[in-house]
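When the chains are written out, they are named A, B, C and D in that same order, and each has its own residue count from 1.
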Amino acid sequence: MAFVCNWCTYAGADLAGTSRMEYRPNVRIIKLPCTGRIDPLFIIKAFENGADGVLVSGCHPGDCHYTTGNYHARRRWIGFKNLMEFVGIDMRRLHFSWVSASEAIKWVDLINNVTDEIKRLGPFMEYKGLKENRAEQRKG
Amino acid sequence: MKMKLSNEDISSVRVRQIERISGEDVRKCYQCGNCSGGCPVSFEMEIPPSQVVRFLQLGRVDEVMAANSMWVCVGCLQCYSRCPKGVSVAAMLEALRQTVLRKGEDFEKIKDLPYPFLKKAPQQALVCGFRKFVS
Amino acid sequence: MKIPYYPGCTLNTVAKHFDASARDAAVSMGFEMEELAQWNCCGATFPLTPDNLIGLTAPAKVLSNARKAGDTLTTLCSVCYNVLKRTNKVMKDSKEKRAVVNGFIEEEYDGSLNIIHYLEVLRDRVGFVKVKEAVKRPLKGVKAGCYYGCMLLRPFEDIGIDNAERPTVFEDLLRALGAEVVDFPNKIECCGAHLAMNNEDVVVRLSGNVMTSAVGMGAELIVTSCPLCQYNLEKSQPKVSERTAGYAGVPIAYFTQILGLALGQPVEGLGFEKNATDIMPLLQKKGIV
Amino acid sequence: MPRIGVFVCQCGNNIASTVDTKKVAGEMSKLPGVVFTCDYKFMCSSPGQEMLKQAIKENKLDGVIVSACSPHMHEKTFRKASEAAGLNPYQCEITNIREQCSWVHHDKTRATGTVKSIDLTRMTIERLKRNKPLKKIKIPVRKKALVIGGGIAGIQAALDIAEGGRDVILVEKEPSIGGNMARLSETFPTMDCSQCILTPKMVEAELNERITLYTYSEVEKVDGYIGNFTVQIRRKSKYVDEDRCTGCGECIEKCPFKVESQFELNLTKRKVIYTPFPQSVPNVPVIDAPNCPKIQKDKCGACAIACGPKCIDFKMQDKIVTEEVGAIVVATGYQLMPNERFGEYGYGRIKDVISGMQFERLASSSGPTGGEIRRPSDGKVPQSVVFIQCVGSRDEKKGVSYCSKVCCMYTAKHTMLYSHKVHGGQAYVFYMDIRSGGKRYEEFVRKAIEHDNAMYLRGRVSRVYEKDGRVVVQGADTLSGSQVEIEADMVVLATAIVSREGADTLAQRLGIGYDKDKFYNEYHPKLRPVETVTAGIFLAGTCMGPMDIPESVAQGSAAASKVLALFSADEMAREPITSVVNRATCNACWDCLTACPYSAIERESVKDRQGNIVRWLAKVNEGVCQGCGVCVAACRSKSIDLRGYTDEQVYAAINAF
């Protein structure tokens, strides 16, 4: 699952489309106004819902449509990475990148590389169960 | 003079070696000529400092190896001090010297040096000179 | 005040009078140059080959010894100053290089020394105002050209003793000693350096430019801070006189000799006789001795 | 139960070739809440849109999904169509199955594309179910503009806005408007005299009744947002009553003290009470307080005695005025890099080494030499002049990395002026490259070389020194490969153009971006070159980077047209993507407030009936909020949410994954 910002990465992915580039089909994009909007819980939720990997991508530092939103995002990740490790998420499943509106090639490479790496790691089981477990618990 | 340039020249491994020894990147130089303008021994050089870099950019190491430039450079760092791109031609010339000296080829034979000089010259001139000219 | 001091090999041999006059002047200014108990040659040139660190071992050895004697190290010769200061910077800034060099010299030196030139001691620790107060024999009427050469100033990022293009430290000192200073274009240009070994022609030309440009601006005396500059200028003197119409030579002296002179030390002890150019006629003419 | 319609587009073959649109539509119809599905060849075509409208009406749809191309393409189209059919436009969402599916997954069996399209559409449906109808935000627009900086760019902007029938306040920090152009002699490429073309414009700006001039003034504080800015301006004390002063100049005449003139770049002196130059607008003198003995120690006062209308007041204080404006144009211009930084060129030490701007003053008929080229040291007419280009420009080490863009041209101009004024004089130019892109610019440079005999040498100068009353220039001519030495009478440095000191402070006050060199950032360098990311604030001229007069003027006009477009409506509509605070749960930790890059969050107090403050709350100013959502992620109590991208919506999409 990929969380991308509307202005840079989403447009970059569009450009990959208009340029008819091909990349691995495993990604599902969720568009947000800015990477600064991304709540760490989104990512945990994504894993719970069966994502094997999560990608977060926005404008390059300094290029943010909202001036400094991506700086906020970046600052947040520092603390956030620790949290992820703490809750047992393999950091190789979580990728952060900057893709600008003109970097279709970077987007394609990114998706391919991330997909391949996650394929190598295999499906992410630890979290997938969580949701069902919880549902069962509730029932039981 | 006519040069025939090829891809091999441009990506010459010998230039990469000079870059590795000197720690400089020849592409950074934009040929402004400031180094040649300020070098105190430019008048004596067969190829002035900025053109040394130019030949290296073109991958023409033979041309600069054949010239006296590296041996007359006094290491005064005026070129580096004023280069707007922060390039040190001094370091590149040092690297060129080193490619010779590291092969064990001396530019100067200690035994040929005149005795009065050896006796009177400041030690630093001797030590420095040996490092520049003797393998 | 005692300050750890590294003389370097030239000051221990052909430039003994540079060393001696500096020590004596220090005493009259109220501090003492304390020679390192153990030292070796610094290598006389800062190696410009970052791929090979062997050239850094000699100066690093000096630094690591000096660190045991204190947190400051003073030098006098411009070249030693340049080599030690730049090596120190490498040892301080680059973790990898530091590890390699320390491995070679079997020491654990971290670049924490403060390398200062004798001129900086006078300027920053003693203060030129104090120097001025201590003057007993002002150099009234002497027009001096201050010759910096290369190694005292460049590269600015590593040395930073003064503005690399418009230095004033030397002039400020000479002014404090009562001299008149003349600015001349070649004061930061090279004298020919180690080409003394095999290219006299170039040395004569470069040193000649330094001297004629100073004299052209009215200098009656050139003051130096480096034994190699001193040597090249003096050695070239006859040839330059021969080649330059209207040029009759100019006395060259170490700044410490001039300092000692102004501080009122006995003229005989200043080692002027060891210089190849004779300063005495000038001093007599100006009524200083 | 929601009533959702799903429209899958084939885009001719663009989508249909790798996505089975029928199947996508079919799968969707199985989802709860989906009451209508179809697939169609071209959804964006008129029949496609008609079909959409029809379906909304017939099926009483309360939500619409169009699975088609990127929302950046046609979101607007479909939202408009939905609105026309009576649906809230924000109940229409787009799934991107073209740029994200069919165009990037070329699987001809249509398996991958179809599966992915189904997933994406399902995620959008779940998200849509949590959508709330939103209304565009309407903001009233105050139809008065503020222009900061009275150089040529600012003057042009102010004149054009006034011409368009709107009021303008022009704030200039110096005693006169005119900026750098007022200093120039003649101007490339047409060589008209700068004062001759500038003065009429300055006077026009003064006389135009729609323009209020605040000279000797600076903007201190800016609050508000597009259409509604509140600006505080400090009007520095001139010690002269502007309204009563007749501009007779008696005071200047009688003032006994002189100091270096900044306007003349220290080439000459001016009085302590002064106008920067004779054509100053307004023609009202100011007292240079730090240098006036009357103000400092109550000695003198000659000017007050001389002044007929008695308008000099030594006790005058600075005033702060507050203005309400709807748009701001920033045109604060440039300054030159201090040449002293280049010790090797001797500027400041060698009198006859001057800057290009000083040369402009020497060549100007209103300058200190009356337009004769005379060197500063001894007033002699120089027989050879060396011009050095790129001083500080393109110099990563001691200067700036960029090219200053105008100096190649003005140096060529200088050589022409020089050759016209000093017959038999020789101009030498050291250059690295000649940058003369522009209409008739290359021809202009060639004329300097071929007609006016300037000697161009390709290379940089290493150093400049004095010798026997002349200036020796030592450099290189890289074309011949030689070291060059020229004994000249004067040296002119084409100094780098840099941003104004304090440009960053002003930018922070305005909330606009600037680059590493402190030039202001345009919204988009190609497509929105005079806008900033902050709505309602526009840029013009050299505050954005080096440029010449034609470009500065074009930008002044462009900014003005943007302002006029903004002012053409009484209200503005904005996308309703803004944050809202949950007043029940906000615990006033102000995490959102510090996080918001636009300072859109305010502190709101809640009072009880007695008027005592009982608690504090965060409040989003919808006019300012740009909808980035940074605050939402910052809030730890989940008390703030972003309309259109609520947590609920995002989680719904994730859950549908």
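Definition applied: a contact is a pair of C-beta atoms (placed from the backbone, for glycine too) under 8 Å apart; a residue touches a chain by one contact, two chains touch by 3 or more.
It should be emphasised that the depicted structure is a prediction, and the values quoted were computed from it without experimental measurement.
Undergrad: Please indicate which chain is farthest from subunit B, where distance is taken between mean Cα coordinates of the chains.
TA: Comparing chain centres, A lies farthest from subunit B.
Undergrad: So which has more C-beta pairs touching, A-D or C-D?
TA: It is A-D, judged by the count of C-beta pairs in contact.
Undergrad: Between subunit A and subunit B, what is the separation of their C-alpha centroids in Å?
TA: Centre separation, subunit A to subunit B: 51 Å.
Undergrad: Taking each chain's centre as the mean of its CA atoms, how far is subunit A from subunit C in angstrom?
TA: Centres of subunit A and subunit C (C-alpha means) sit 62 Å apart.
Undergrad: Where the centres are mean C-alpha positions, what is the separation of subunit A from subunit D, in Å?
TA: Averaging C-alpha atoms per chain gives centres 34 Å apart.
Undergrad: What residues in subunit B touch two or more of the other chains?
TA: 43, 78
Undergrad: Of all residues in subunit A, which are in touch with two or more distinct other chains?
TA: Answer for subunit A, listing residues that touch two or more other chains: there are none.
Undergrad: Among the residues of subunit D, pick out those that touch two or more other chains and give their numbers.
TA: 344, 463
Undergrad: Any two chains that touch count here, so list every such pair.
TA: Listed by label, chains in contact pair as A-D, B-C, B-D, C-D.
Undergrad: Can you list the subunit A residues touching subunit D in their complex?
TA: Contacts found on subunit A: 1, 10-11, 13-14, 16-18, 20-23, 25, 28-34, 36-40, 42, 45-46, 49-51, 65-69, 72-73, 76, 108.
Undergrad: Could you please specify the touching residues of subunit C with respect to subunit D in the complex?
TA: 163-166, 185, 213, 216
Undergrad: List the residues on subunit D that touch subunit C in their complex, please.
TA: Its residues touching subunit C are 342-344, 349, 463, 465-468, 472.
Undergrad: Subunit A touches which residues of subunit D in the complex?
TA: Residues of subunit D touching subunit A: 70-72, 96, 98-101, 103-107, 112-113, 115-116, 119-120, 123, 513, 533, 577, 595, 597-598, 626-630, 632-634, 642, 645, 647, 650-651, 653-655, 657.
Undergrad: In the complex of these two chains, what residues of subunit C are touching subunit B?
TA: Those in contact with subunit B are residues 8-10, 13-15, 41, 43-45, 47-52, 55, 77, 79-80, 150, 154-156, 164, 189-190, 192-199, 201-202, 205-206, 209, 227-228, 230-231.
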